[in-house]
Structure formats: structure tokens, C-alpha cells
Amino acid sequence: MKKIEVITRPYKLDEIKEKLTGLGIKGMTVSEVKGFGRQRGHTEVYRGAEYQVDFVPKVKMELVVEDGLAGEVIKAIQAAAQTGEVGDGKIFVSTIDEVIRIRTGETGNAAI
Amino acid sequence: MNAADTAFVLISAALVMLMTPGLALFYGGMVRTKNILGTLMHSNILLGTVSVLWAIVGYSLAFGGDVGGIIGNFDFAFLNGVGQTAKEGVDNIPHLAFMIFQCMFAVITPALITGAFAERIKFSGFLLFTALWLLVVYCPMAHWVWGGGWMAKMGALDFAGGAVVHMSSGASALAAVLYLGRRHGFGKQSFIPHNLPLTILGAGILWFGWFGFNAGSALAANGLAASAFVTTHLAAAAAAFSWIIVEWWHRGKPTTLGMASGAVAGLVAITPAAGYVTPMPAILMGLVAGGLCYGGVLLKSFFKYDDALDVVGIHGLGGTFGALATGLFATKAVNELGADGLFYGNPEQLWIQFVSVVATWVFCFVMTLILFKIVDVMVGIRVSQDDEIKGLDVSQHSEVGYQL
Amino acid sequence: MNAADTAFVLISAALVMLMTPGLALFYGGMVRTKNILGTLMHSNILLGTVSVLWAIVGYSLAFGGDVGGIIGNFDFAFLNGVGQTAKEGVDNIPHLAFMIFQCMFAVITPALITGAFAERIKFSGFLLFTALWLLVVYCPMAHWVWGGGWMAKMGALDFAGGAVVHMSSGASALAAVLYLGRRHGFGKQSFIPHNLPLTILGAGILWFGWFGFNAGSALAANGLAASAFVTTHLAAAAAAFSWIIVEWWHRGKPTTLGMASGAVAGLVAITPAAGYVTPMPAILMGLVAGGLCYGGVLLKSFFKYDDALDVVGIHGLGGTFGALATGLFATKAVNELGADGLFYGNPEQLWIQFVSVVATWVFCFVMTLILFKIVDVMVGIRVSQDDEIKGLDVSQHSEVGYQL
Amino acid sequence: MNAADTAFVLISAALVMLMTPGLALFYGGMVRTKNILGTLMHSNILLGTVSVLWAIVGYSLAFGGDVGGIIGNFDFAFLNGVGQTAKEGVDNIPHLAFMIFQCMFAVITPALITGAFAERIKFSGFLLFTALWLLVVYCPMAHWVWGGGWMAKMGALDFAGGAVVHMSSGASALAAVLYLGRRHGFGKQSFIPHNLPLTILGAGILWFGWFGFNAGSALAANGLAASAFVTTHLAAAAAAFSWIIVEWWHRGKPTTLGMASGAVAGLVAITPAAGYVTPMPAILMGLVAGGLCYGGVLLKSFFKYDDALDVVGIHGLGGTFGALATGLFATKAVNELGADGLFYGNPEQLWIQFVSVVATWVFCFVMTLILFKIVDVMVGIRVSQDDEIKGLDVSQHSEVGYQL
Amino acid sequence: MKKIEVITRPYKLDEIKEKLTGLGIKGMTVSEVKGFGRQRGHTEVYRGAEYQVDFVPKVKMELVVEDGLAGEVIKAIQAAAQTGEVGDGKIFVSTIDEVIRIRTGETGNAAI
Amino acid sequence: MKKIEVITRPYKLDEIKEKLTGLGIKGMTVSEVKGFGRQRGHTEVYRGAEYQVDFVPKVKMELVVEDGLAGEVIKAIQAAAQTGEVGDGKIFVSTIDEVIRIRTGETGNAAI
């Protein structure tokens, strides 16, 4: 099984999620993260003191899918998340050795 | 001059002043995190700019000698002649006390409008707009109703600002959002309040300050003040209750935001009537206002205008209802200087109230449209889409609200 | 009729009104995030429901003509006869001012109870319970003590509500939690306050409003009001200090929650005594109250009842202590209409206070148990375990507090 | 004795009391999350400790019979002789009312200092320092200016505490941070406010309470109170505006923290002048104060002292400016008991003000240095570096602010 | 070494942690996440506007363990986290190439 | 490509980030986490009730780098994050199968 990690713009989350459920994806896990990259951050000023903030708010989506689905899922995500502007983010794909569904004890593809 | 009345009016002025930071919280809690500071700023900075303008020229335009029933003259410009002794016609308190009490009303009225164009207005344009709006919309309105202008002469009843404060801000809000257009993502993304405890606290502070607003408008610590205090409280109470009952029935759950919104709706509705009606009609007005304004906020989804924090639905509609209901329930038994309404045998009063409603809506709506156009041309009125997505806090003020 | 007294009582009423939103914050900060809105709602909605009920019938039951020392009659129902002129017996202020000042007390008293059953009560049941409680517990209690009922006749001293407000809510709180049972996870999970700054702010607002509560209870802007103001402040101050000293010694650290809790404990304890004692005994009462109520909150871990936000430990115990201490420290030198206490040569007063304490505890405890049973049967009083785990905000109100 | 004045002063005292919780929020929002509770504690616990000390001995030291122009005697210790009747010299209100009004000033003054040494002071040392500071710095200062001491005799004008409250806390703040040293990470890490909405709310509450502070200092509900109310409001308004204009020009953006800071700067500056100047000079003072204090806060980056929340830059500088400007703009036309300033033909007044400024700075700075040394030796004044990194909330109070 | 990621109900955290320390686990890292899956979310209503929220609050625990321990650890977690209701969550297992303890520079199993 | 996960003290974040940008690292993703380990937590007390809190605030940095860079990066991080006190944290290294840059569709090392 593959783990697909997506780091992208927060306001794209709903759109991506909808695309994915369209593909039959049943689950994913999302967290708020701060990204550092080519996209410029912003300046903050408090009582005349300037601070350069390099981190930009991003969301991270993690979803584990069957090997066969990965390609399609990645394509869907890319399509939904792309704006063409710097800061669209990345997709990281890695291998998962095992998955267990806590409720039933199922493992492997059945557990996803 | 009466020390007790002076104490009462000064403390009332302080209470009304607190409403503006309270309103800032009420609104601030409802926007998204990235706009919290911008929203707090919109209300609070008016304590600065409007107060100074008021002292320089606004007060005189509103309460200076009448010029054709339309506007005040410049007699009181720079607070010239506004001193520790009483004003002609309000002889129980220092003129300065009257002026500063009125100042607080002038501050909060444009602050009310800011809920409509929240999350997308450009700060420089906002500053310019509110300054102009004060001078060409608020000051005339205040003059018409309280400064001896034509509405006063016509006999329109507006105890503490149903027309001057709430309808004027509601009508201006509608013009503003029509001009400005919808927020990016409107109807697609969910615009969910980011910090409702702030909103609930803000509503509590508003309710508290409103006693200064309405009871203080008696300008004396007397039975009328007590009566206005009571009607204010009961209308707010009834509306808080009726709003949640209506939404319970409509959507299946009573909400805390509904409770707070209802309370404000009730306070708005009773404002023009506070010193003219007895307690039971006040409860009735509150009950109606809660349900009516709940319907009012639904209008925007229907007509697809983006009145972000429901200024039209609550202040516009609530103020209008209150003004008309004053024409129904007013009675001289409460206030000799008032008038009787329809239910006390005087149908004409309802007509007078109706005229004042129409005039207020038309005047404020048109003027605001014009001002938005002028400001837009001069400095721009809406932030870029990029800035809107980043949020007003970072893009307009280089700050962020929370680092928890 | 006296304008200064009217101003003072009206502003005091506004201050007391603000205590309810303040209490909402005080409590709200202590619950877990998922219950913040539900908790804010519990206090604030009572501004709506209780106020309306109060105007319709509650005020009359409490302050209408005496029926057998037990309850008021219906003379003032629908505020009939409650107008801008003075009430018989309170001739310095408009009757409406007296009524609305009392209204604020009626609102906050059931709000105090809500801390006990926080995080698990069903909203519909809660609404019904508080409405019934107002009519069959609060109104009689208020009548007994302030409306010319049997406790007043007996000579019990309760300046601003030690029995009517604090003991009554404390005793009811105990009954409520015994009936309702513990929260899911009690004793296993950690129930940690989710937003202490809200709690600290709430305590500050409570302290502020309490000046209206206690000094306002003089019903005149005179030396007695000043005296009650001072004793109130000093007792709160002393108790804030003594609480943190006791916990510093007991647990090794002085806490901000302790400071806030202590202040409230001191305010509770001084409430019955505020207008009867001199400043130094007030400090002493505060010092004792801080330590005593600290002990009081420890009781729940010992006896394993789940008084979520310590209403029994603080209001129940603090109110009881205050009532008894009034029997020790009261002196006619402060208030001619009062009585001397034990330390001023009148041991009987302590006995009278003791009787009032016992009667209050028994009456409120029993009545609340009965009401809980009735409400439980009628609409249900506790949410399902699933809803409890989800939290009241989502399950009862379809809202969430924060989207930061 | 006058009931209206009593009502006014009591309510004013309540307003001033609320400033301390307000200040706690103002400061609390600006620190990092890990110090929020410690910071709230620093202000609020003084409501406890200072109030009790004030009743026991502080009030007497400040307002008891004059001893050599330097200090009061022990006549009023334990509030002996402070009762419901009037004080000699202040015959319109109960002595207790005067005492408690002054008490609130004594509480907030050391609270102001706490902004300077925020995020690194040891709680036990803090408690000891503030207790000593009250007795040996604040009480003498209050006596000099308001208790009939040498500054009063010299004719220095300080209506509501430019010297006693703001310069004294500013000068003490400077001494404190020089003694204490910089926070760990100063100049390297970014010290960013963790919750600006709290700060904005705090500023709103401060502004509200300041009406009690300044207008209440008239000690009567008269024209002078109205005048002080107006000058207070307008100076705050003007300074809120000028601060953001200056920073807009300097850093490219107007900030909400700037708006709040400016308002406080204006309130500080007008404090000594409130009852002596007319509205237009008040606006001018506000405009200057906003810009000046903006410059003031930049000083710390330049000189590298770690005045965490800018007590020196705002209260020290603002208070000094206000005291001197009083020497320029004061006029007997506003207050017969005052004096004329330079612009009204009396250059000497400016010299008197200057002397009072220098004396205040030197006295408070030196005394605070000495007290810090004493406290440091006795119980220690700064937390360990480890505790500082953990934050005051966990290390000093075993609590955390938020569990969202 | 194996990385075990657990996504489960927040209120189960303490229980699982205790079980694991019982097994001799010395460290783990926890974050708050939002989960999307078979478990239904809830509805929110603000001024009459309804929003369907599909995400449910979950915790994510990450722990890296020696290969040999993984099986036992997974079993313990499953036992502790299971309620049998939809939403109990998942366990994902993957392979970690290297671990370094920053304090000492130790690597591999010694660093865990 | 390698994924390097660092769990360390929050106040070290800026220092590490600067070191890494010095090495030419162009991107990373950061989140706030709670760590359980050898470092002791703290006690909290609310109205006399004591709670032992075992979790300590930590940051997690995730960065994906070319295989060749990994060693150097790890060394830099360790140097910057080390204080020598318990609680400095861990570095976990794992293998990433694929990286996609959403904006351009680039994959592999080019996408990092």
C-alpha cells in the first residue's frame, strides 16, 4: 500500500476532498502545518519592531491507498490543488508495510 | 443644572463608549481568524477618528443652529461655546456632557456598518469613507431627528436612534455590499465564526452598554429613564428567546450565536421606542424582532448579497420594525413629550413613522452608494483578491491575531 | 423620589446585569473546549427567559402583597402597577427601577447553579428546570427575605443575597449533581480548564458587577452604599489573597485560578453582610472565606460528587459562612435598620442566622431534587453518553467554539 | 454630603477597579502563550494584596495628617475614623467613598509597572516588591501630590495622576528592567504578542475605566467632571489616530496594536491635565502623545533595555509629556482651583511642573532600584533560566492558559 | 526499525499511552489531526446557514520501535483503542531507515 | 529521496531553519506536536486537583531531500538542535518513492 502525503493551500482542502471521494477514497487524515518554501511569507510589525515570517499556513493530507489506486489519486489531487502560483505544494509518496483497522482487526487492503 | 442627571448622563456616555469595543468583539468573533484584527480595528479606530471629527465639526453640524431643517450651522465648530454650563434646551446637564454623550452615538453608528463589508475592505478607503459618511449622512440624520430638523418637526418619534443609528447603518450596509460585491469563495467555502466566545462576550457588553444608550437618552435620572431601562432589557430578553425558538423549529437546534443575535435584534428594535412604550409591548416587540431578524438574515442567502455579519438583516430590518412599532405602541402615559401611537388612538403617528423610515432608507442608501464610488475612485475601496485570501490582518495591518 | 438614588440604582442594575455574561466567561473558561458554548449559553440565555418570566409573574410572586409570609400575590403580575412612581416602602426611586434591579438578581441566581451540572445537561431540560426553579424556589426565597416573608419577620439579615442567591444556588447545585450523576470519565480523565484567561476576565467582571450587587442593595447613594462598597471590595481582596496562600502551602504553588476563585469566594461571603459590617471584619471574613472555600472544593474529590465548577464549595459554603458571620459581626453602627451580632452583644442574631441557613439549605435542596425528577420525566435532563462525549456545543447547539 | 456626587464617585471607583483586569488583558495579550497567566496574575493579584494593605496602613500614609510634607501619619490606620460621614476637606461624599476611590488608584499603579518585567519575574519576589513599593513609593507620592504634601504646596498640577500614577510607574519600570536584565532570547527570538484580541479588549476596558479615573477625580458630578470626561476621551481618540498615522509612515502599515497603544498613550498624557485644559488642547496633546510614545517604544531597541511591554515608553514618557503640557495648557477658566499655564500667561507653572517631573523620576527610579536589591537578596527576584523557558504559567503557577 | 502511526479517538490517548509504557516504550510523538472516514461528522448551523462538517477530531500517535517490538506494540494499541464503533481508526506501519538521537548522536535501535 | 523527520524543541526551530537554508534546502514543513519521552513533563494544579502532564511541546520538521544530501542535512540539524539536555529529540529517516510538485507536475529530485 502507498501513503500519499499532500502539502497544499488550506482553502483547496474541500475541493480535493470532493475529488477524492469521487474516486472512491474512503478515508484520509488532515493536519494544519506551516510550510517553508519558495513562496514568500509576510512581514509582521508590533510596536515598530519588524519580524519576517517565512512560514506559510498549509494543510497536510495523508491518505493510504492500495498500490493500484495511487496513480489515479495523485493525478486527481494535482489537478484539484493546482493554481499555477508558487506555493501549490508537494505530493510525497511512500510505502506502507501494513495497515490495521482498529475496530475490526482487518489488515492490508481490506483495512483501508 | 442637576448633579444627579449629570452623573447619570456621564456614566451613560461611558457605557455607550464601551459598546464600540463590545461591537468589535461581537463582529470579530464571527469572521475568520485571518480577519480578526482588521475587524476589531474597523470598529475601534472610529473611537479615534470619529470622535475628533465630531469635536471639530460634526457636533456642530448635528446640533448647531438649524439651517433649513436640514443641517446644523457652524456655531459649535471646535466645540466653541460648548462648556460646563448647560446647553439651551437641555438645561439640566453641562453642555459638554450632552456633546460627549452624542459623540458616542456618532462613533458606534458607522461601526455598525462595518459588519457588512467585513473581510474585504481596504483600510485607507474605509477610513475615508467613514469620515465622509459621518459628515454627510450621520450628521444630517442626527440633525433631522434630534437637532430640530424636519423629522423632529414632523413629529417622528425616535427615542434613542432607530432611524439615526440602526436604519441608517442598515441601509448604508446594503448599499455598501451591493457596491463592493461578495467575498471570494462566498457560497462555496464555509464562512464559519472563528471565536464565538468573543461574540457572546461582545453581545453581553453591547447589552450592558445599551442601558446607557437607551436609558441615558432620557438625559435625566428619572422615571422615564427607569422605564426606558426596563423596556430595553425586556425587549432584548424576549428577542434572545424568540430567536432561538424560531431557529430551533427551523433548523432543529437553538444556538448560542442565535441567542446573542436575538438579543441584539431586540435591542435594536426597542431603541426608537424605549422611552415611549410600556413593558408588555416591549416584550412583544422583542418577541417579534427575534423572529423577524432571523428571517432577515436568511434573505442574504436568498438574494445572494454578501452582508457578511448581517447588518441589513438585524439593524436595517430591526430598526425599521422598531420605528414602525413605535407608531403602534407609543403612549403619552409613558412620556408626555412623545405621542400616542395607533393602538392608543392616533393612527397618524404610524404614517409619520412610515415617512421617516422611507426617507431614512432612501437617503442613507443613495448617499452611501455615492460615497463608495467617490472613495473607490480616490483611494480604492476593496483589497486585491490576493490580500483578501491572505486576510486583512496580514495584508492591511501586518499583524496576526493569535500565536497560541 | 430622588434622582441621585435613581441614577445609582439604575447603574447598579446595569452592573448586576453584566455579571451574568461575566459569570458565563468565568464558568466557560473552566470547561473543556467542546462545552464552551453550551456553558456560555447556560448563563446567558437566563437573561432572556428569566427576565421575561420575572416581568410576567416572578416579580409579583416575590414582591407582591404577602400571602402568609410564604409568597407574594399576583398584584404586580405583568408589571401591573409597576410604574415610574415609587413603590410603597421604597419611596426614593421609581418602582420600575426597583423591579429591574431585582430582576438582575433573579437572572444570575439560577445561572450560578449551572456550574454544577456543566458539561452534561440537556438544553431543553435545562430551560424547563430553570423556569420552574425561578418560580418555586427563587421567588419564595426572595419573598421570605426581602419581600416581607417569614425570614424577614424573624429578623434574619441578608443584605444582598447570601441566602437568596448563594446558599440557594449552592444547595440546589448539590441536589442537581446528586440527581444527575458524574460526568463520563470523572476521576479518570483530566478535566482541565480550556481557557483560563476567559475565567480570569469573568472574575474581573464579576467583581466589578458585584459593586452594583452589594452597594446597589443600599438602594440609595449614601454612606451605607459607600460602606457596602468598601466591605465588598476588601472581602474580595482578602479572599483572593488567602486562597492562594492556602494553596501555596497545600500544593506548592499559588495559581491564577485560585486567585480568581478566592475573589469570588470573598464576594460570596460578604454578600449577606455587606451593609451590616465594618471594613476590618470584612477583611477577616474574606481571609477566612478564601481558605474555607478552598477546602470546600476539595470536598468533592473526597465525597466523589461531580460538582463540575464548584458551586457547592464556593457559593454553598461561602454563602453559609457569610450568613453566619453576619450574625457575628453585624452592627447597628453601620446600619440602623440592621441588628447587632454576637460580637456586639446580641447572641440571638447568630441563632436567627442559623435558622435561616438551615431553612434555606433544606428548602432549596429538596425542591431542586423534586424539580429534577419532574423535568427528567417530562423532557429528560441529561444528554446521552454519545452527546456528552461529542460535547454540548455540537450536540445541543450545532456549533463549535473556536476555529483558530 | 451630596447623593449625586456619592453615586458618581462610587461608580467611578467601580470603573477604576475594572481597569486592573483590563490592564491584565492589555498586557496579557502581548506576552507569549506560556506567560499569559503569570501576566494576568501580576495585575490582578494586586487587587488583593494592595487593597488590603491600603486599608490597613497605605491610605493613612497617603492621606493621613501631613508629616513634614513627606508622608501621612497613622490616624487612618485600619481605616480608623474613615466612615460614612465626610472627610475633612472633601465634604460632599462619605469618607469611605473617597478612600475606596483612591484605593483603586493605588492598585493599578504598581500593576502598570508589571508590563516592564513581564515574562521573567519570580512570583514571591514580585509580591514582596509590590507591597514594599506601595508603602515607600506610592504612598509618599500620593501624599506629596494629593495628600497635602510638598508638591501640592508648591502648586504642581496633577489632576488624576500623571506623576503619582504614570511617571512613577514609568520610572520604576526603567529601574526594574535595568536591574533585572533582558529576557532570554531578547533580540534573537521574535517576541510576538500571542493574543491581540485580548489586548484590544483590554485597551477598550482601560479607556472605559479611565472615565472613572479622570472624570471621577473631580470628586463631584459637575461641569468639571464633564470637562475632564471630554478631554480624556478626545486625547485618547487623537492619540489612537496619530500613533497609527506615524507608524503607517514609518513602517508602511497602521496596526491594531498601534491603535490600542496610541489610545493608552493619549489617556496617559491627558491624565494630569484632564481637569485643567479645554478640549482643543486635549486633542493636540493626544496627537503629540501618539507620535511621541511611538518614538518612546523604539528607544528600547536602540538602548537595548528590555522593557517588555513598553511601560517606560508609554507611561514614563507619556506621563512626563502630560505633566509638562499641563504647564502649558492649564487654564483657570476650566478649573478655578487649578492654575494658568504658560500659554495663559503663567510661565512659572511650567517650571513647577518640571520640578515635579524631575523629583518624581529621581525618587521612583532610585527607590525601585533599592527595593529590587532588597527583594533580590531576601527571596530572589528573577526566575531561573529553565523556568523562564518553560514560562511563568507552568513554573510559577502550575497552570497552562489554553487547552483548545 | 518500524514507524507505527496510530490515528484514533482523542480520549483514548491516555489509555494507550499507559499500555505502551507498560510494554517498555520510552517515547512517542502525538499530534491533533482531523479525520475523514466512515464515521459521520456533524452539522453546524450559524444564523440559519447549515454546514456539514465531515472531519472528526482525532489524535495521531507516531512511535518508532525496534522491528521485533512492532507486533506486540500493535496488538497492545489495538486492544486499548478498540471500542467496536465506527471511527476507532487505523494503524499504519512503515519502515524507518535510520534514527538519530540528537542529544547523544546515537543511531539505530540505541537511539529510540 | 529521503524524508527526514526531526522532533525537537520549539525554540530551536529558527536556528535549524537558518542552518538548513545555508545548505541550500529550499523547503520544509513544520507542525506543532506533543512529545512523550525521557524528558519530564510538569505538574498542573486546578483548584487543588493535581494533574501530571507527561507531554512536552515539541516541533516536528519534515523535509524531503535528495539521497545525496541526507547525510549532510542530518549532521547540520543535529548540530543546531543539540543542547545536551534530555529532550533534544530525534531524527527519523525514511525513503520516499516519489515526489510531485503540484504547480508544475515535475517529479523526482526536480520536484523537491
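Labels for the chains are A, B, C, D, E and F, by order of writing; each one numbers its residues from 1.
Assume a residue touches a chain if its C-beta (ideal position, glycine included) is under 8 Å from a C-beta of that chain, and two chains touch if they have at least 3 such contacts.
Everything numeric here is computed off the predicted structure, so don't read it as measured data.
Any chain that touches chain A and also touches chain D is listed here: B, F. The chains that touch chain C as well as chain F are D, E.
Simply put, chain C must spin 120° to overlay its Cα atoms on chain D, rounded in steps of 5.
Of all residue numbers used at the contact between chain E and chain F, under half are used by both chains, marking a mostly different-residue interface. In terms of their C-alpha centroids, the spacing between chain B and chain C amounts to 33 Å. Mean C-alpha position of chain D lies 45 Å from that of chain F.
Chain centres here are Cα averages; for chain B and chain F they lie 51 Å apart. Shared interface positions of chain D, i.e. residues touching 2 or more other chains, are given as 2-4, 7, 11, 192-193, 195, 251-253, 255, 257, 398-400, 402, 404. Residues of chain A found to touch two or more other chains are 31, 44-46, 94-95.
Every pair of chains meeting the touch criterion is listed here: A-B, A-D, A-E, A-F, B-C, B-D, B-E, C-D, C-E, C-F, D-F, E-F. Within the complex, the chain C residues that touch chain B are 1-4, 6-7, 10-11, 13-14, 17-18, 20-22, 24-25, 28, 36-38, 40-41, 44-45, 47-52, 55, 78-79, 82-85, 93-94, 96-97, 99-100, 103, 123, 195, 198, 396-404. Contact residues of chain D toward chain B in the complex are 2-5, 7-8, 11, 15, 32-33, 192-197, 200-201, 203-205, 207-208, 211-212, 215, 220-227, 229-230, 233-234, 236-241, 244, 251-257, 259-260, 262-263, 278-280, 283, 334, 402, 404. Chain F meets chain E in the complex at residues 2, 6-8, 31-38, 54-55, 58, 60, 74, 77-78, 81-95.
Against chain B, the residues of chain E that register as touching in their complex are 44-51. Across the complex, chain F is touched by residues 185, 189, 389-390, 394, 398-400 of chain D.
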